[in-house]
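Here it is, the structure, as structure tokens.
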Amino acid sequence: MTSTLLIASACTVLLALLVGAYCVAAIDGAITARVTGQTPGNPLLIPLQNAARLWHAPHNETETPDRPALRLAPVLYLVLAAMGLALVPWSRDFVPVDLTTGIVFWGAIEPLATVLVFLKGWAPNAHFPLLGAYRYVSLGLSYILVSMFVLIGVALPAESLQISAVVDTQAELWNVVRQPLGLPLFLVVGLGVSFWGPLNFIDADDLHGGAASEEAGRVQLLWSTGRAAMLLAFSAIAASAFLGGWHGPWLPGPVWLILKTLAVVVLLVILGHTLPRVSPERFLTIAWVILLPLSFLSLAGAGVEALL
Amino acid sequence: MELKQLLVLLLVVIITAGFGFWVQHVPGESKKSIPWPQRAPFLGGGQPDTHAWSRFHIRYYPMTLLLIAFEMEMMFMYPWAVVYVSEGIKALAEMGMFLGILSIGILYGWREGAFKWQ
Amino acid sequence: MSAVDITFYINAAIAIYAGWRVFVTDSMVRASFFLLISFLAVGVIMLLLAAVYLGVALFFMMAVEMMVMALFMVMFMMNPAGLNPMKMVHQEKVAIAAGVVAFAALSAVAVFGEFPSRTIPEGWQPVVSLGHELLGDSMLVFESAGVTLLATMIAVVMLTSHRGRYGDANHGSRPPGLEPGGDPADKPEETEEGGHHHHHHHH
Amino acid sequence: MAVTWLRRLANQAPVPVFPVVGIAGEAALEALYLSPAVTVVQSPKRARALAVMGSIDYRDQQALRRVHGQVPAPRVTAWCSAMAVPQELSGSAIVVDATDQLGQQIQQAVHSLDAGQQSSDPNLCPDQPPAPWKGVGDGHGGEGMMGGKPYGRPMAMPEDDLRDGLQLDPLVFSIGPFSPLLPPGMAAKVTLHGDVIAGWEVLSRPYELTLPAVFYQALEQPVAVADLELARAAFHIRRLAAALQLNGLGAHARRLRHHAVELKPGQSIDDLVNARVLQSLRWVAGAGKGIVHDENWIRLRGPAARAGGDARDARLNDPAYVALGFEPVVQKQGSCAARWKQWRDEAGQALTLAAAAAKARAMSSPSGAVESPVGELTKSTPPVDISDLMPSLLVGLEWSEAMSVLASFDMAAVRYTDVIQLQGGGE
């Protein structure tokens, strides 16, 4: 790897992160407009307008916050999203970070994200953010096992924990066909890790906005950017693990990857606008009693399929 | 090879973190202090009796302990997955047994209500 | 000094500094996450040592474990955020002595021990060899770990879950009635003892 | 130049506004929801402007000042109220009379504030920590682990948990009167054990609710049944929107709010909101909770009573409705979900009735009682406050369940005497 390639890899990831986060916001705006039947403006400009507004908005701070945590949590959450996105292979030859343990690394990003989301709610020393934070941890600790099982499922046929190897095994048949349970289960993880829609436990409306109720201005901008970036990174990983990544006819690899990633984003955003928020207690039971056994099943199916 | 990959990762981390800190502390942002009334936690006009940080009843705590036990075991599964195809039916049997044992733990936890709010 | 060396020293310093902060900070939640930072730095060092799987697994495990530890700190400690100052150190003299001895012993191992200096062969995959080990000689250990973890899980549920299978544990587990709303299908006086073991024959 | 370009972009975005709703402020709030110039936010900390709508009770003036102080400065205060503007704000607050202008004017005021043409509101609360500094120590506050008032507030003390025997700290705080989670004016002292509600003491009752004018008119004179039923449908649809918003379906809530102002007789309720989305509401937290038992049951009125199987309905006594073949819809369970279903069904029924009534040009006949969307409205006894039922319903529920239950009730008493006087004076 030459230093040019090295810098090109880093730049690709960073550019994809920013443009992707914008795309997520624009898709969310477009789907919201579709649901409400109201078009408040140009959907392509709305994310930029909101970002500019937050850029100029005054900031807020609470009584005796845990300042280091308050400052670090939004930044590091965005960093985690960037790290996740860096793991995604763009084509056969271009993988920004091709770790031999890429799948485990993504697995580690999920609990680290839980830690940061918890800190985000913990740091302000205010009631509703704190309630949201405790709730979110119950979610964050419940879905990681599901995520591990479905990702181990895609690692079986690849005989490797490398994400590029997982993509390579899908040249003929995508994992979404081979392991039909995997993608739906993994989507739940995606809603959880970016606390989107039915799994938005921390910024929920029944807590005045939860952790969001005590933030304003640029911190809010950074936090929502991080959230969109995390949704994007998750979608890219899901596209690589289940939808064949960059594989596809006619078009070049990176284009396929982008299309598939955006397809997953659209799916997640639609789910977010369709399902009501689940009760934290109910999700705990669902995750352990329904989703976890289903992911066992998915893994068993993947195991049998890999041996055939 | 792996080290160069890590270098890219490091570069991405540093630049993203720099961007994040820059957004939070852009030069020119007014650094005036925030008045106490604004700092108080928002309770719809109400007031708290105490600090929010206190001993809080985390009602899902049995689940967290179960998770730790389970997760420990999951760490064996990653290396297992890599050699699964080459080891064949033996690997399937072994992991089937292993997961069977742990499923009993989950079943027991479920029956005893460990996945409900305490 | 190569870039790897510099990264090593930086991470070693972070690990030690964060480890020291664990014992100095007043906030127990912060202490948990300082410990996490310390472990993460150690994980990076493992990555540098080409132990890719162990390093990443350390990130994974410690993120979960320190999160759970922070939750238990919130439940156990009055003043979990350290709003009032507190002293985290008890039996200082013994602790200092133990620390010095442990440091001396570990340093002695580091300085005087003989470490293999083999370079890793090209294309060697630690995860694969770990997998073969788990399915080979270590299979018995692996399976007994499974049984041990099952025992842990059952013990955890028994010790922590307040809810028994028929209701609150400290009200005594009572089986349901034979008809809806009827008397429990067990002798009522047994409920005073509140033991689970009485009810096994009802399943 | 770049800065002004960024500022121009920012000015195209809607301005976040925190609403403070007082007596008779409901209509202004709905107008604010519909305005494209603003977004209504849940917390003043992320707002740029405070909109005071309707008159605020004297007892809540201090809370109003607190909420005002929580909108980060520089801020705008918009006053859309019969109340006089407080003296401190008289120089800076913008007074808006027309509710449909509210959003526009707030946006303009924020823009001129940002451009430096206008100065921010002064702070109404003194800039002091919440409690005097007490205690000892190096930069901390207390004595020992728990004593004193570190950083201006005391620490919590342990208490027995209501579900298991653990001794942990309860989280005690008062919420309201301007919380978007509670009806306007309601304040409660909440004790939380974990996220389970261990205590709910009503500190102040919600403000009296102002119904759409047509329901008051129907008491005195015949009005078109179609108008009555359209107003009823709109009222129920707005409450459904609030329930959807609470449970994370904000886009659907906005859709419903927009539809509520332009309802047409004979519209199908399924065209307004996806039936599956409403069905999913019955699946959320707390949907099976909030059942009123025993002696309190009789105090429920209108849709809440019908959601529990009680077919009382004043419309049955009106010949116009009988001629239209009106039969009240009822649910059985009397739970939170049943009340939501009841609102939906009654809204649907109202739209159908409105179509039939418009065709037959049906007029209601005043008989001393009108079935309002929150229960029977009579001259002598308008619906009374039932917020004192809440403690028995909410204690033991988790927070999210409790909020769903709260969002399925109409607790507030209905304004009657002063509304009639106002209307009489206008004639």
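First chain written, first letter: the chains are A, B, C and D, and each begins at residue 1.
We take it that contacts are C-beta pairs under 8 Å (C-beta built on N, C-alpha and C of every residue); 3 or more make two chains touch, one makes a residue touch a chain.
Here's who's who by UniProt: A = Complex I subunit 1 family protein; B = NADH-quinone oxidoreductase subunit; C = NADH-quinone oxidoreductase subunit J; D = NADH-quinone oxidoreductase subunit D domain-containing protein.
Since this is a predicted model, take the numbers as computed values, not measurements.
Looking at A-D and C-D side by side, the one with more C-beta contacts is A-D. At the far end from chain B, in terms of centres built from Cα atoms, lies D.
Separation between the centroids of chain A and chain D, computed from CA atoms only, is 34 Å.
Work out the mean CA point of chain C and of chain D, and you get 46 Å between them. With each centre defined as the average position of its C-alpha atoms, the distance from chain A to chain C rounds to 26 Å.
For the pair chain A and chain B, the distance between C-alpha centroids works out to 13 Å.
Annotation for chain B: residues 2, 6-7, 34, 36, 38, 40-44, 48, 51-59, 64, 67, 70-71, 78, 81-84, 106, 109, 116-118 touch two or more other chains. Multi-chain contact residues of chain A (touching two or more other chains): 58-60, 63-64, 99-101, 104, 122, 125, 127, 134, 137, 141, 144, 161, 208, 213-214, 280-281. Contact with two or more other chains is made by residues 52-53, 57, 60, 64, 68, 71, 74-75, 78, 81, 83, 125, 127, 162 of chain C. The touch graph of these protein chains is complete, with an edge between every pair of chains.
The touching residues of chain D, when paired with chain A in their complex, are 6-7, 9-15, 36, 41-43, 45-46, 48, 72-74, 114, 129-130, 150-153, 171, 173, 179-181, 192, 194-195, 244-252, 254-255, 258, 276-277, 280-281, 283-286, 398-401, 403-404.
Chain D contributes residues 135, 137-138, 140-148, 150-151, 155, 158, 163-166, 168-169 to its touches with chain C in the complex.
Per the touch definition, chain B reaches chain A in the complex via residues 1-2, 4-9, 11-13, 15-17, 19-21, 23-24, 26, 29-30, 34, 36, 38-44, 48, 51-53, 56, 58-60, 63-64, 67, 70-71, 74, 77-78, 81-86, 88-89, 92, 95-96, 99, 103, 106, 109-110, 115-117. Those residues of chain B that touch chain C in the shared complex are 2-3, 6-7, 51, 53-58, 61-62, 64-73, 75-76, 78-84, 87, 90-91, 94, 97-98, 101-102, 104-106, 108-109, 111-114, 116, 118. If you check the complex, the residues on chain A that touch chain B are 1, 6-7, 9-10, 13-14, 17, 58-64, 71, 74-76, 78-79, 82-83, 86, 96-101, 103-104, 122, 124-128, 130, 134, 137-138, 141-142, 144-145, 148, 152, 155-157, 159-161, 208, 213-214, 218-219, 221-222, 225-226, 280-281, 284-285, 288-289, 292-293, 296, 300, 303-304, 306-307.
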